[in-house]
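In structure tokens below, several structures.
Same chain, two partners: chain A is paired with chain B first, then with chain C.
Up next is the complex of A and B:
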């Protein structure tokens, strides 16, 4: 079971779309094997401070350990999954 | 130089040094102070130092020499076999130690040579190290003083380096940022927008650009962060201003125009000739103001890159006729002849028809304005890779020196008409932008007194490109409206054979089939086909807001119609067979690429 958090700055059209797309990606890749928590760092600045979120959008895989974070545009599925440590990467080939 | 208090020992060393082919010249000092003075006045390559001098004992003398001339190698001559002292001396920079009484000529020479060489290498090494450090400092300074925030993260997303600008951006000290998990950057080599979580909570938008680099021997990422908050704010303010202009100015203007029209038409009561004249002038100027506002809006949209194209499959010859007919009465008033010449029965091109209408309107309007007698000729022709059209007049022409500036903003030349017809000077600039945004070309030829000719070429897009464009537009539209659409593919199996038999007939038949399909569809449905231009008979039907079952119904109906049509066509020598496929968005797939490949995969005969 993957425990995933997505950090956004305010509920804007853009961030809503981003979360929706990301949820779709997780549905496809992880089926029901994940939980997604959406954290608005403007509403919850202390949560952002605790997890040391420096910018949004950031996605954090809180469990299983080790914790992994990815930052930026969530468009490249391969790199998202690699960055979160869900799949082994083909980084070296790039 | 030898520093030695015993004259006998000194002579001995001198003899050893100056023996044979020795390249050394020796100066002698009998106590340390004298040696230090000589060190200041002479060019000394090496010092041989006795550790037992009247004014100095052991390492103390070496320290004094070394602190004055650190680059001059020193060899100690000790009375005792004192390992401890010599080891300590070498640690502090002494080149070597010799034991008094055990020194022989060859050994001494070799020791001296080695000491000098060792010293030279050491100096060189130090120089290299310093150069390396300097260049690193220089590089660091460049990164450090960069106005963009720079963060270097490793493969885990952990911060390994931050520059000064980055600390300012985050409002966090570098030790608060270093070693933190910034995050593994998803996009490399392209820009992405981030909202920075500043310590103060003040919003800041940054544009991040990530490069893959090597940092301390490991693969890492360098992220450059540029503050675009102000830039975004300005862009938003500009957008807001534009929409204010469009709504706040246009609405009252149309009300005024309406009111003047009412008075002018005598609906509110009789008006005399004098009043009528004034109102006509007012109305003309209101029209001009409206045009100016529209032009300004267009221009700012173009400049901001927000001019959206709604491309469709357009028969340009009918577009030309449409625009030309709108000018017929104006031309007649001025006694000008309007001629349209289009080659072929139709020039199909994938463009934004509204923009082409605007473009032709600008050019024809311009020509009529600057022509007092003669004709305006509008010409359309399909070429190999482009569609070319031109507007030629027999007007006053443009001076040669003015030609290069003709497409610039707010330039007007040789204005001769009354104030009521004045333009904004933006027309040709907009025309140029419209052409360029569709990847076309526009140019002008002119001769004063003879007339002007504007020529435009627009590229004919590749069929595959058009198809992809339609699909991605449809996906965007459906996503925006949270809607759906379906695509039908009809493949004519023996089209190639048909073409081989008679190219003309095959294409004509396909064209008729496509017309037939078009006629049985709704207006919003789109038919794309390459059957008219290629040797594969493929027809795509795009059905917006249609689910799979709906699409299957449409397909059944279409197929029946086409078969009916074909059975009526007795003249066909060959039986035409079809393969069909249906795909729905988002039921079957969300991916643009998958739609095409799966559709073609289903039953590719």
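Up next is the complex of A and C:
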């Protein structure tokens, strides 16, 4: 089970779309094998500080370890999944 | 063509650190010591990315953001701030107005800054 967090700055149209697109990507790749927590750091700066988030939007794979964080264009599916270690993880399961 | 980054910050040390960090990279840094000057520069030419300080004398970061977004709705704008509830209170109003922005934690080291800019302007990057 993957525990994934996405850190955003406020609930704007752009961030809402970004979260929706990312959830769709996870649905396609991981089916039900994930949980996604959306953290608005404007509301919860402490959580971002504790996780040492550098900037928004950041995606973090909190579990399984090791944790990984990615910043950048979240529409680049392959790089995001590889960066989070999800593609490699799937291959290892086979 | 080198990508252009505008840094609007009243702190000279921060402006210099951006210039030094990116001097041998494919990115070109332009700086402004106030929101007013930053807006003038932005009106004259195109930028790929903007870093904007939140707390500045004169126009603060949110006021500058509001004006920048009237000129360009799409350019990525990163507000430089400590991740602290006190500072984020000011940003809540920007969110309520529907203004798009991202935040960059202060302080940030040079290596992380380059990684982050590559992530935004080139391709997703792990950190």
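Following the convention adopted for this analysis, the second predicted complex is superposed on the first by the 87 of 94 C-alpha atoms of A that agree within 3 Å, B and C clash if a C-alpha of one lies under 4 Å from a C-alpha of the other, contacts with A are read in each partner's own complex, and residues count from 1 in each chain.
Throughout what follows, a residue touches a chain if its C-beta (ideal position, glycine included) is under 8 Å from a C-beta of that chain, and two chains touch if they have at least 3 such contacts.
All values reported here derive from a predicted model rather than from experimental measurement.
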Task = Determine, for the superposed arrangement built on chain A, whether chain B and chain C clash or fit.
result = clash
Query = Is A:41 in contact with chain B, with chain C, with both, or with neither (first, second, both, neither)?
reply = both
Request  = Quick one: classify A:11 as touching chain B (first), chain C (second), both or neither.
outcome  = second
Task = Pick one for A:67: touches chain B only (first), chain C only (second), both, or neither.
result = first
Ask   = Between chain B (first) and chain C (second), which, if any, makes contact with A:26: first, second, both or neither?
value = neither
Query = Between the stretches 27-35, 63-71, 207-215 or 405-413, which region of chain B is in steric conflict with chain C after the superposition?
reply = 207-215
Message = After overlaying the two complexes on chain A, where does the chain B footprint on chain A coincide with the chain C footprint?
response = 9, 41-42, 45, 48, 53-57, 68-74, 76, 79-80, 83
Query = Touching chain B in the complex: which residues of chain A?
reply = 8-9, 24, 41-42, 45, 48, 52-59, 67-76, 79-80, 82-84, 91, 94
Ask   = Once bound in the complex, which stretches of chain A touch chain C?
value = 9-15, 41-43, 45-46, 48-49, 53-57, 68-74, 76, 79-80, 83
Key: In the complex with chain A, residue positions of chain B that touch it   = 155-157, 170, 172, 177, 180-188, 190, 192-197, 201, 203, 206, 208, 210, 212, 219, 590
Query = Which residues, counting only chain C, touch chain A once they are in their complex?
reply = 78, 83-85, 88, 91-92, 94-95, 98-105, 108, 112, 115-116, 118-120, 122-127
